[in-house]
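Alright, structures below, take your time with them.
Each of the next two complexes has subunit A plus one more chain, namely subunit B in the first and subunit C in the second.
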Partner chain A sequence: MLTLTSVDLQAIWLSAKVATTATLVTLPFGFALAWLLAFGRMRGKLLIDGLISLPLVLPPVVIGYLLLLLLGRQGPLGGLLKTLGIQVIFTWKGAVIACAVIGLPLMVRSIRLGMEQIDPYLIHASRTLGAGFFDTLGSLVLPLSIPSLVTGGILCFARSLGEFGATIILAGNIPGVTQTIPLSIYDYTNTPGGEAGALSLCLVSILLSYLVLIINEIIMRRSRRSVRQLS
Partner chain B sequence: MKLEVELAKRLGGFDFSAGFSVAGERIGIFGPSGSGKSTFGNLLTGLLRPDMGSIRLNNCCLFDSQAGINLTPDRRRVAVVFQHAHLFPHLNVRRNLLFGLQRTPVDRRKFNLGEVAEALDISPLLERNVAELSGGEKQRVALGRALLTCPDLLILDEPLSALDKRLKEQIIPFLRKTLRRFAIPYLYISHSLSEMRLLTDRVLLFEGGLFHMVTDAETLARQRMSSNRYGYLNHLSLSEPREVGDLLGYRWGENELLLSDHNNPQTGLFELSSKDVLLFKNHPHALSARNLLTGTISDLIPQGGTVGVVLSCQGQKLIAQVIREAALELGLEIGTKVYAAIKASAFRRLA
Partner chain C sequence: MSSKILLLFVFFLLPSITAASEVHISAATSLTDAVSELVINYEQMHPDIDLQMNFAPSGTLAKQIIAGAPTDIYISANPKWMEYVQQQKMIEPNSQQILVYNNLVFVGIPNSKITSLQDLLTLRRIALASPQSAPAGKYAEQVLLAAGLYQQLSADKKLIPAKDVRQALLYADRGEVDGAFVYRSDALLAKQARILFTVPQELYPQVAYPVALTLSGSNSAGAQEFLVYLLGADAQSVFKRYGFIAP
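After this line comes the complex of A and B, so read on.
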């Protein structure tokens, strides 16, 4: 029953590539923003928090459209990228950006929750023992944030696998170029006789998502065990 | 070590201010909780930024609001041991100890891991996960971690408060010995008068967020004689124990004292409450107390309803505490010769 055409395989491969890249690109930003929200003592923290979380509640289509305005040929950033010879819209890079923006709030939330568990006195201790700001970030905050980085990464990856609205607007639905699994399923449902293809990709989608959940659970259990050992 | 401070800091509804200059190697910061002791510690290490003022340590400026100087905590060379050890949970004991050492310039390093671990009796724990340590062990690792950075000043911020009484009594002599051995100037923050007396030479008194005065623990102990449950605690250095029947006889200057405590019979420091010393004008007969000393009154400290009687017993100082009426009845005056009776069980070993 599971029959996959070469276009389907391309969509699966592209989904994996886009989700992985989006997750890896988002991680450093997620870490920095989470640090800012967890430990930063600046004004307008609530504003920044709201701005980062906005993609969580806005329709993805809105995000996609705003990104298109920003990164399109006439857009403020798009023009700059064009002079550098980089095109984002209607390429797989566009899909990555769409997924990254949509996945960022999930990642920031997860890492921030983890960071807020870090005892501020550990950071004080590190500073008074001679470790500078970035030294402390690298040798204390980062290692203690690894479980939450993993969870955040997995959430972002899973969200990216399912991303539809923002991707279709920013990257389009070009088979072999920007057509990820959800877009491909959408195509099948609009084609007479496409039910079998849609169902096959749905199965793949379920399998992939389930795998991600199981991996997440395994990692969470491990980190819980190590936390228990610590306390 | 010389510390010059002129500071003001507002924290919520709490105003902190201090201005003093103090020199010494063993300085105490004493005051009740909420007096600003720990705030002061945090201002010194740079974890809190003063609103205005300046801090100079050994003529090196750590902070000066007018000159716009504010060294970051990692550049102040002021290490801290907090109330809780705050060991890094992702590193084992060895790597916790090395954390500060590795960040100390080679020419500043004075001790190595081995000697510090040995002095603190944590050598067998080096490969352990910090979660497997007991409270006392954790605190010793935290002290070792701070000592290894060879700081210009070590701040001990209520380091024993989280430990239970028995553990505290065990760790104080150890702390005294270790701090003496590594000779790092320190500021000892505590609300415990007995810790102040055992670990500091001079004391900065804080009250309600204000620096009050520079004094010493002995003076504070005498001032608090009437309000303290145990009165004034005499610290006696006793030596050369020998068996006398069921008791142990110790040398105390020219005197011999008999003690019933048989644990760890060796030279040491003992505590004796001023309330456990009975005074007689004439030689008492048939006495149950095993120690009877003769002494001359060298000073009288009237306080509340009681009088602290400072005795000189063959050159050794002993403070007894009597009710004011008793002092009048006995006619206690400076120069009066009295007999002091002390039970053999009244002594408690400190170190």
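After this line comes the complex of A and C, so read on.
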């Protein structure tokens, strides 16, 4: 039943690589933005929140198209990247950017939710006991946010595994370079007689996503226990 | 209260009762602009007929038809998917014929010095529709193989497979690639890119768009009449304006 060609294996490896990189790249940004939204006191918070959440509700093809306009040769950022010698479009880095933008709102939401659960008295106490901003952040907010960081990271990773619409526009559909699992499945479903190939990759997709969710659950249980010990 | 609910039901049922004749057309994406115009023209002439259009890649349409999606007329962008639907006994074989032809061109930003296939080796990036999933990409691949350029271009990683032919055109139009293989009908839609050369026909099979009535369509007078209109001179002149070639 499971028949995987070398191109399929490349697609699986590439999916894992893109999703992992996108998650690691997004984590610091996600943490900073979540902190800003959870504790920051500034004007226009609602606007920032909306802007970050937009990729969650916009069709991915819109995100892909806008990123292509922005990072393309004629785009405002594309020219800058070109002078720096960085090629984003049609490379796996393009796929990472697409996944990061689409995964970011999921990550920010779950980290923010975790941060808002932190007892504000703990933070006040740490500040009155003389801890500076970074000390409070590093020894209080960060450790208490670990479960939500894990969930956010895993959501972002899982979303990246499934990303199709933005990736196929920004990074193209190049076997071995930017063709991730969903793109490969798309090609199979549009080929007469491609059912076996499509189903094999669907199965891999299901297994991978399921595995990710189970790992999430295991890590969550462990960290919940350790947070309880901490507080 | 109950009368209001009743009224609501009547509103929902009304269109299906009053629509004299509903004809469902499933056409390949590359026909979107031409067929949309023809449908508007036809509906003006025949207000009693309601034409429902569905545009998607030929393969997607074929699978929808086999899955039982309501379709009366199927226009595919390549004969393979038509055969596939025919093998599943979903269309009326006698109604099948060629609607239009298309041909393959190479587009790019006008100032480049590209006039023939051999010049492609000097380019850095060339877009084509994915040969796996889109017929236009398959034809482009055949052309490059026949011209003996495929191995070189592929080894140098110069070929960029796009989702479909329109996306390949978008890349060429925005200058993300140096050029792209697209259909003539698509090339006419480009804003900045222009046709740099027409691909010699002897290098690839003729691009044919077969049309057929489905089994349900063969029982519908409206579908039969619209098919006659599509093959007639008026409709063919519209197709020609969009870059297609009459059979």
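Annotations
Keep this in mind: the second predicted complex is superposed on the first by the 222 of 231 C-alpha atoms of A that agree within 3 Å, B and C clash if a C-alpha of one lies under 4 Å from a C-alpha of the other, contacts with A are read in each partner's own complex, and residues count from 1 in each chain.
Throughout what follows, contacts are C-beta pairs under 8 Å (C-beta built on N, C-alpha and C of every residue); 3 or more make two chains touch, one makes a residue touch a chain.
Note that this is a predicted model, so its numbers are computed, not measured.
Using the contact criterion defined above for the overlaid structures, shared-chain residue A:P192 touches subunit C, although it does not reach subunit B.
Of the two partner chains placed by superposition, A:K17 touches none, neither subunit B nor subunit C. Once the two complexes are overlaid on the shared chain, A:G130 sits against subunit B while remaining clear of subunit C. Look at A:K82: by the touch rule set out above, it reaches neither subunit B nor subunit C. Looking at the shared chain after the overlay, A:V177 reaches subunit C, while subunit B stays out of its contact range. In the superposed pair of complexes, A:L140 makes contact with subunit B only, with no contact to subunit C. For the contact definition in use here, the subunit B contact set and the subunit C contact set of subunit A share no residue. Within the complex formed with subunit C, the subunit A residues making contact are 68-69, 72-74, 89-90, 168-169, 172-175, 177, 186-192, 194. Within the complex formed with subunit B, the residues of subunit A that make contact are 119, 121-122, 124-133, 135, 139-140, 143-144, 229-231. Residue ranges of subunit C in contact with subunit A, taken from their complex: 57, 59-60, 63, 80-81, 84, 125, 127, 130, 132-134, 157, 159-163, 167, 171, 174-176. Against subunit A, in their complex, subunit B makes its touches with residues 45-47, 72-74, 76-80, 82, 84, 86, 88-90, 99-100, 103-104, 129, 131, 145-146, 149.
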